[in-house]
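We call the chains A, B, C, D and E, going by the order they appear; numbering starts again at 1 in every chain.
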Amino acid sequence: MLTLLLIAIPLFMAFAIFLMGAKSARQLALIAGIAQLLVTIGAIAVHHEGDSSGLLSFNQQWIGPLGMSFAFSLDGISLVMVLLTSLMLPLIVYASYNRDYKNTHIFYGLMLLMVASMTGAFTTSDGMLFYIFYEFALIPVYFMILIWSDAENKGKTTLKFFIYTLFGSLFMLISLLYVYQISGSFAIADLYEAGRSMSSTEQGWVFAGFFIAFAVKIPVFPFHSWQPATYAAAPTAATMLLAGIMLKMASYGLIRLVVPMLPDGIAEYGFWALLLSAISVIYASALAIVQKKYKALIAWSSIAHLGVLAAGILSGNAQGVQGGVMEMLSHGILTIGLFFVYDIIETRMKHDDMSKMGGIRDVNPLFAFMFFAIVMGSVALPMTSGFVGEFLLLLGLYQYNAMLAGIAGLTVILGAVYMLRAFQQMMLGPTNELTKHFAPLTGHEKTVLGIVVALVVILGVYPDPILSISNPTVETLLQGILR
Amino acid sequence: MQLFHNITINHYLTLSAVLFALGLFGILYRRNAIIMFMCVELMLNAVNITLVAFSKMWNQTDAQVFVFFIMVVAAAEVAVGLAILMMLYRNMHTTDTTFLDKLKF
Amino acid sequence: MISEYVFWFLSFVAVFSAAGMIFSKNPVYSVLSLIVTFFAIAGHYFLLGAQFLAAVHIIVYAGAIMVLFLYVIMMLNLNKLEEEKRTLWAKSLSVVAGGILMLVVVAALRRTDELQAVQSAPYDGEIGTTQTLGKVLYKEFLLPFELASVLFLGAMVGAVYLSKKELA
Amino acid sequence: MKEIIIISVLGIAILALDILKLRKLSLPAAVIGLLAMITSCVMDWGHNETPFAEYGGMLKFDNYALGFTAVFGILGIFWLLMNSDQYAANSSKRTDIFTLMIFSLCGAIVLSAYTNLVMLFLGVEILSIPVYVLAASDRKNVISNEAGFKYFFMGAVASAVLLFGIALVYGACGSFEISEISSKLNNGNYSALMTFGAILMLAGFAFKVSVAPFHMWAPDVYQGAPTPITAYMSTIVKGAAFAGMFRLFGSALMPMPEAFVTAMAYMAAITLIVANLVAIVQSSSKRLLAYSSISHAAFMLGFVMMAQEAPAKYLLYYVLTYGVASLTAFSVLHHVSSIQNGDDSLTAFKGLIKRNPLLAIAMTISLFSMAGIPPMSGFLAKYYVITELLGGGYIYLVVLMVITSAIGAWYYLRLIMAMFTPIENAGRIVVGDIQRYLYLFLTLLIVVLFFLAGLLEIMGL
Amino acid sequence: MEKLVTLIPLFPLAGFLYITFFGKGFGKNFIGSLGAGAIFLSFIVSVLVFSTQMHGAHPTVVKVFDWITAGSFNIDFAFLVDPLSSIYLLFITGVGFLIHVYSIGYMHDDEGFNRFIAYLNLFVFFMLILVLGDSYVTMFVGWEGVGLCSFMLIGFWYKDMKNNEAAKKAFIVNRIGDLGLILGMCLLFAYSGTLSFDELFITGNDISGIPGAVATTIGILLFIGAMGKSAQIPLHTWLPDAMAGPTPVSALIHAATMVTAGIYMVARSSNLYAMSEIAGDVIVWAGILTSLMGATIALTQNDIKKVLAYSTVSQLGLMFVALGLGAYSTAVFHVITHAFFKALLFLGSGSVIHGMGGEQDIRRMGGLKKWMPITHATFLIGTIAIAGIFPFAGFFSKDQIVAVAFEENKIMFVLSLVVSACTAFYMFRLYFLTFHGKFRGTHDQEHHLHESPKVMTIPLIVLAVLSVVGGFIGLPHAVGENMGMHWHWLDHYLDGTLVMPALHMDLGTEILLMGLATLVAVGAIFYAWLIYKKRGELALEDKEIESGAHTLLLNKYWFDELYEKIIRKPVDAVSSFFGKSVEPHLIDGLVEGTGSATEATGNKLRLLQSGSLFMYILIFTIGLIALLIFI
């Protein structure tokens, strides 16, 4: 029941906002976000002392003969993902306070719609429903970018983004249906059984379908080209939603659907997928190194991190998957932090050309300090959330294939290279005309950055609460496939 | 099979086939809407012949009744078709179908 | 024996006048040659023992439809219409297409051996007569008959609507 | 049977209203009549009534027929309401158009209920002949004339082909009754004659439903015909033709030889490719929608391929959802283009979201539905096709469908993008109250149908 | 008792947090004493902990909280208290405390004072985590943490991009090592299923199952990490640049503590290294090469801190030699003594620089002993200690290394003697050039030359004392036994924690070696005295250098240039190649290409729709024919 509540709150608030108009849209969105957060915490509490009353699961047949049903359940992994969503929503809303988007109510309405569908994707235990939510999330963000972007080529960019991702996910549909031909039901448990019963060649093909779908969205190396342009064009809030939460649906899909369903397929044909992921680490890092614009840089860096993520998850052992869960959470937080930094700078300096900055640390040490904390998080320094995830991922990946772990591990070095360069260029060194009058942070900017930093550090120092939520689920997921 | 002396169903089928093809050929060959239209009638008649021949073969009346209906429909079609043709002529002052290319691509 | 010759004769008349319909410059001639074709076809009906149909055929086609055509042609005053022929490639294309179609159809229809199996009940000349036809038409084919009226009504309304002048 | 009586009487009644100069009443009358028809469908549900059985009744109102009849009725009502503002309330044109539409609707019913090839033929003709006229109904407009003529002429040829097919089938089986025919076919290996006839019928129907390579007329006619008529053609006429086709291949000519299904698969593939690729490069939104409707024909053909196994309800669902979506889309297109003197280019949609948000949203939703993006009902419709085809093992066709529907999303998005690109000094577009509420309703329906798809399973079809 | 150990890192952390968040508005003295006090407290606790260990308490694991759980992988955040860690605790907190006190004086006029003290506290915190951590992962936390602090402290004066560059270089080079370390951990986990020191080495013995080849790989991977931290070839280049930071930082981080983390780690894994010959050899060779390189480069440097930096590099090299030869306790011994005298030397140089008003070039100094006697005295002690003259601390530790080398590997023995000769020479060169002769600086420099304040000199004195007596914790076996007293305390203390080499050489050899070492050292010193004191020669100005060898050394064997060429340039080139060509043209080009290709096809296909009825019916017919023929 709680799960339904988690989807219902943003949904109804979205429509409420649509109807109530622009006046108090922000506040309503914020309230929705906080409510969402509270419910999530409640859910975690319930989950903690064992969900005896079935509060966390809900199942209502939809199209019986086709084995589709509105089935939701909040197990450990879902809980973490939901936590991510509902942690980030209020942050993003609050972060967007320093810009006023025209037609506010539409903007926040769409945002909440998107959150609703993402929550659905994270909580559903029905393959078809997952696909549906996965697809639907595309629509609101598409409009958020199309309408509120101020890039001149936004039409082309958004088109590419939409078609590319849609195109990818259609392959997932085919694979899903192919498995469904055997299972006769979309209940994920049945899908697992059916998937594992297939010959490894079949599994390989099905895996290919799934991988293309998720690789486009994660994104993994050759399928990424929609992403930088889209990030560049999108309004910051949309970028945060996109990079922070939405793309996690894909990696979550890897954990939830692919790894437990197609063990043999991955074992035999998965190597290329992992290799591509590893390559995308290097490739994206290399591109991040040559970026001049801060936003482009973080776009690429996020591709690099997600490459590690994908590879680690696909290595299909407890460490990799746990690392994946943790990394999703932390990457979400960090991405939002990084993009919010972009927003702060962009609103003040009207550009994000790093070479034109410098010395901001002198003018605004607090800002620099928080930014530094976030940067350290994203270079996966221990005691920040980034480390736990990345370390576990590498640990898992190493057990799959040492060479790949070596390649992917280069992110440890390259990440430091471009992130530190960016930080030093922007924050350190002498001040110049542009940065001399860098306005101090407003109250809510402080709050948001503060929360982000706090989360990064707390999760880094004491990640156990999160990990111990997801660990049992991960182990049960993998039981079936560990031979 | 033998319909009557030395003449089998195949003869009739062939005849109707020839007429049918001829009709289609005519449609392709001519540009004048009216002539093309007549070719359509020809095709319909080819069908009629087949049907009558079959009714003889199966020794049933249904086919002939069907032919009857075909005539009815043909008449209706002609009525509408000629009406459209007239209107077309009123607006375009020609019945040459090659001028019908406002809609393309 | 005689009927056989008649068959061949009628067939040739039908085909050639059809060809004439297609190739004649003057639409009026086309109409006339088409009428000839129809007469030939009517002849066939006689041969096949469908007297009533033959009669109706003459009446409907030669008597009604073709007259309608003629009327239109006269009204649009298309006799001797100066229609330059299709371009050569178009012609050749149509010839080829028509030819191939004919070949295919004929070839396909030749392979009707299984029809030899059809045992023909001793032919009763009655099936083509007005009486039997009427019986069948008003019994088994009552529903289609009624629906044909709907069809006609629709066609009428349509024709009338189209030939009306646009008011307002 | 009542349905047909009601609909024919309704047609005549509207003519009478025209004569009695009560034209204002024509709309309510028509709507009420259709409602009556739908209710009678509901009442007859499950009776499998065969009217005039003793007179060798040639119609059978089984659930299949009733279901399609009801759907056509519903779509018809939507169509009437949506176009109630097109023709001056007291012009004779209005009554004429409505009458013709009603009559062709009668043909649609016959097509979904026939048990006899004669009826099939009559149905096709009753359906088409009024539509020939409707397509040309914009009398002064050369474009409309051209469309009407092309449609009529090719339609005539097509029905000649169809007829030839019927004749040959009769020759092979010695009967027009589909039950007899299917009994004559000793499971699937057709006689040469039979095959030949079946192919010709297939071709005839392929023309009606505008499947490649018999689709050439569709774009021109759809573009040339007045937009309401286009909407009508792409919803009811197409649906009815498919109803007839499905009934033919599902119950009469069954089981089909493998080659047939393969042929259909190829036709569907060609259709998908041609329609979608050409649609991308269209600048006229009307023509674009025409091509999209062709590509949807390919999807529905998928059901016909599987006609032996696939339950008809999915085709019904497809017809309904696609009908609703494309009706909405074409109506929006009409409302948009008609106020800027018939400009139906993509640019005409610029800034629609400002000029009339409702229209823009309705259009967007319906386009997404056509593109098959959840949670619009169009997604489930396509989903059904794909599952059926996968069940039949036509994986390549499925992949092609998937790829092309991504391409489809491409050109739909071009339209959507136009709607959301702001322009200055754009006057508002106003639509009547009926239309406004109808748009709202249709938009909701598109989504609601998605969630209510479960009901489809319990309606015994 | 061991529970107290949790407090040890907490004090510096608290200090850091307090100074960072509430430090505003307090006087510098308060802040300084706060920072120093925090360290002092943890020093007290360390002493307590150490004493328990010294009285033979068993190694204990103190769990702080559950940390990482992932399937079979379970890491608690736990501290391991055993002789090794406790002795490290002792000198880290001790030296750390002294250097804090020193910095109060040194950094007094810097506006970043609070920041500096806070960073130092944070550093000590991480350093303590590093040595206390019960698992490689926990250790890695400290490992990276000290890296972070070193980054922040090297770039402490962030306005100067040069410092930032140095800081970034340090961080990234360390990162390279860390990758090796991480991979080493992964491999170790893959084979042993745990990363906890306790389970691996002390109570448990989970490494027993590891095959030798794997052990070698693990060893080398871990050693790569050590290379990064402890500036071994080829990852040494960051350390000299790191001198950009304030001098106390160089003393604390880049001499006494952080750079010895590598030695700590290898010593910690001694059981593992004991399983692999090859790994040992690798370490030995890397160590001795580094040592030679460092020593030789130091001969020619003219920046006082650079000389010390390279001497650090070479000393670290020696320590690794010891490690590689299996004499782990000896390495630890040298780490401790080195911590004393190198800290002393750096602080001394700092005091010199302080007095010289920021001047670091020894060619601009000279004769300082009359202005700053205490500095001079202490510096001299340090110099003697590092040169290895009896009975100073350096003598014993270095002599043990030499002895081990003599036992294990004669080449190493020779080379280590060479190193110690060089060491003695360059250190005394430094000393003479700085404190003797006459002043060569500008006039106003001379004008306000002065001895440093107490707060700076007292730590110097303390360290000086330590450098004198520090060596007696580890008298050589032979000597110890023959003096009848069981004095080789350190080995016995560390026995059981570390793998011990079986060294048994008789008194004669022992004495001989000592004599030899001393002889070499003295000879070198004498040579230096001859050149720089007697003849009063000066270091050459850069432009008057012609000898090739000299240039080579002055340019540090062109390592930086080499890396510039073979790493940095290629990476940039590849990156910009990706950015300029691959991404837009290949990857995105494919996507765009597909799009435009589709459109092109569409444009072709639409021509079919020519609008002519003839064409339509023709296609209709063709389609029909096709169907007829197909079926």
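Just so it is clear, a residue touches a chain if its C-beta (ideal position, glycine included) is under 8 Å from a C-beta of that chain, and two chains touch if they have at least 3 such contacts.
Everything numeric here is computed off the predicted structure, so don't read it as measured data.
Engineer: Compute the shortest path length in steps from subunit B to subunit E over the network of touching chains.
Structural biologist: Tracing touching chains, the least step count from subunit B to subunit E comes to 1.
Engineer: Using the contact definition given at the top, which chains are in touch with both subunit D and subunit E?
Structural biologist: Looking at subunit E and subunit D together, the chains touching each of them are A, B, C.
Engineer: Measuring between Cα centroids, what's the chain most distant from subunit E?
Structural biologist: Farthest by centroid: C.
Engineer: If I average the CA coordinates per chain, which chain comes out farthest from subunit A?
Structural biologist: With centres defined by C-alpha atoms, farthest from subunit A sits C.
Engineer: Can you tell me which chain is nearest the middle of the complex, judged by mean CA position?
Structural biologist: A
Engineer: Would you say B-C or C-D is joined by more C-beta pairs in contact?
Structural biologist: Higher contact count goes to B-C.
Engineer: Would you kindly tell me how far, in whole Å, the mean C-alpha position of subunit C lies from that of subunit B?
Structural biologist: Centre separation, subunit B to subunit C: 5 Å.
Engineer: Report the inter-centroid distance (CA atoms only) between subunit A and subunit E in whole Å.
Structural biologist: That gives a centre separation of 37 Å.
Engineer: Can you give the whole-Å distance between the Cα centres of subunit B and subunit D?
Structural biologist: The mean C-alpha positions of subunit B and subunit D differ by 27 Å.
Engineer: Can you check how far apart subunit A and subunit D are, centre to centre, with Cα atoms defining each centre and the answer in Å?
Structural biologist: Here the centre of subunit D sits 43 Å away from the centre of subunit A.
Engineer: Indicate the residues of subunit B shared as contacts by at least two other chains.
Structural biologist: 9, 13, 20, 23-24, 27-28, 31, 37, 57-58, 60, 62, 65, 69, 73, 76-77, 80, 83-85, 87, 97-98, 100, 102-104 - these are the residues of subunit B that touch more than one other chain.
Engineer: Out of subunit A, which residues touch more than one other chain, so two or more?
Structural biologist: none
Engineer: Send over the residues of subunit D in touch with two or more other chains.
Structural biologist: 118, 122, 125, 129, 132-133, 136, 139-140, 150, 153, 157, 168, 171, 174, 195-196, 219-220
Engineer: Which pairs of chains touch one another in this structure?
Structural biologist: A-D, A-E, B-C, B-D, B-E, C-D, C-E, D-E
Engineer: Can you check the complex and tell me which residues of subunit E touch subunit A?
Structural biologist: 65-73, 137, 140-141, 143-145, 148, 151, 155, 158-161, 164, 168, 171-172, 175-176, 178-179, 182-183, 185-187, 189-190, 571-572, 574-576, 578-579, 583, 587-588, 590-591, 595
Engineer: List the residues on subunit E that touch subunit C in their complex, please.
Structural biologist: 614, 618, 621-622, 624-625, 628-629
Engineer: Could you pull out which subunit A residues touch subunit E in their complex?
Structural biologist: Where subunit A meets subunit E, its residues are 160, 164, 222, 224-226, 283, 286-287, 289-291, 317-319, 321-323, 359, 361-362, 376, 381-383, 387-388, 391-392, 394-396, 398-399, 402, 405-406, 409-410, 412-413, 416-417, 420-421, 424, 428-430, 462-464, 467-468, 471, 474-475, 478.
Engineer: How about subunit C: which of its residues touch subunit D in the complex?
Structural biologist: 105, 108-109, 111-112, 114-115, 118, 139-144, 147-148, 150-151, 153-155, 157-159, 161-162, 164, 166-168
Engineer: Over in the complex, which subunit D residues touch subunit B? Could you list them?
Structural biologist: 118, 121-122, 125, 129, 132-133, 136, 139-140, 142-143, 145-150, 152-153, 156-157, 159-160, 163-164, 166-168, 170-171, 174-176, 219-221, 223-224
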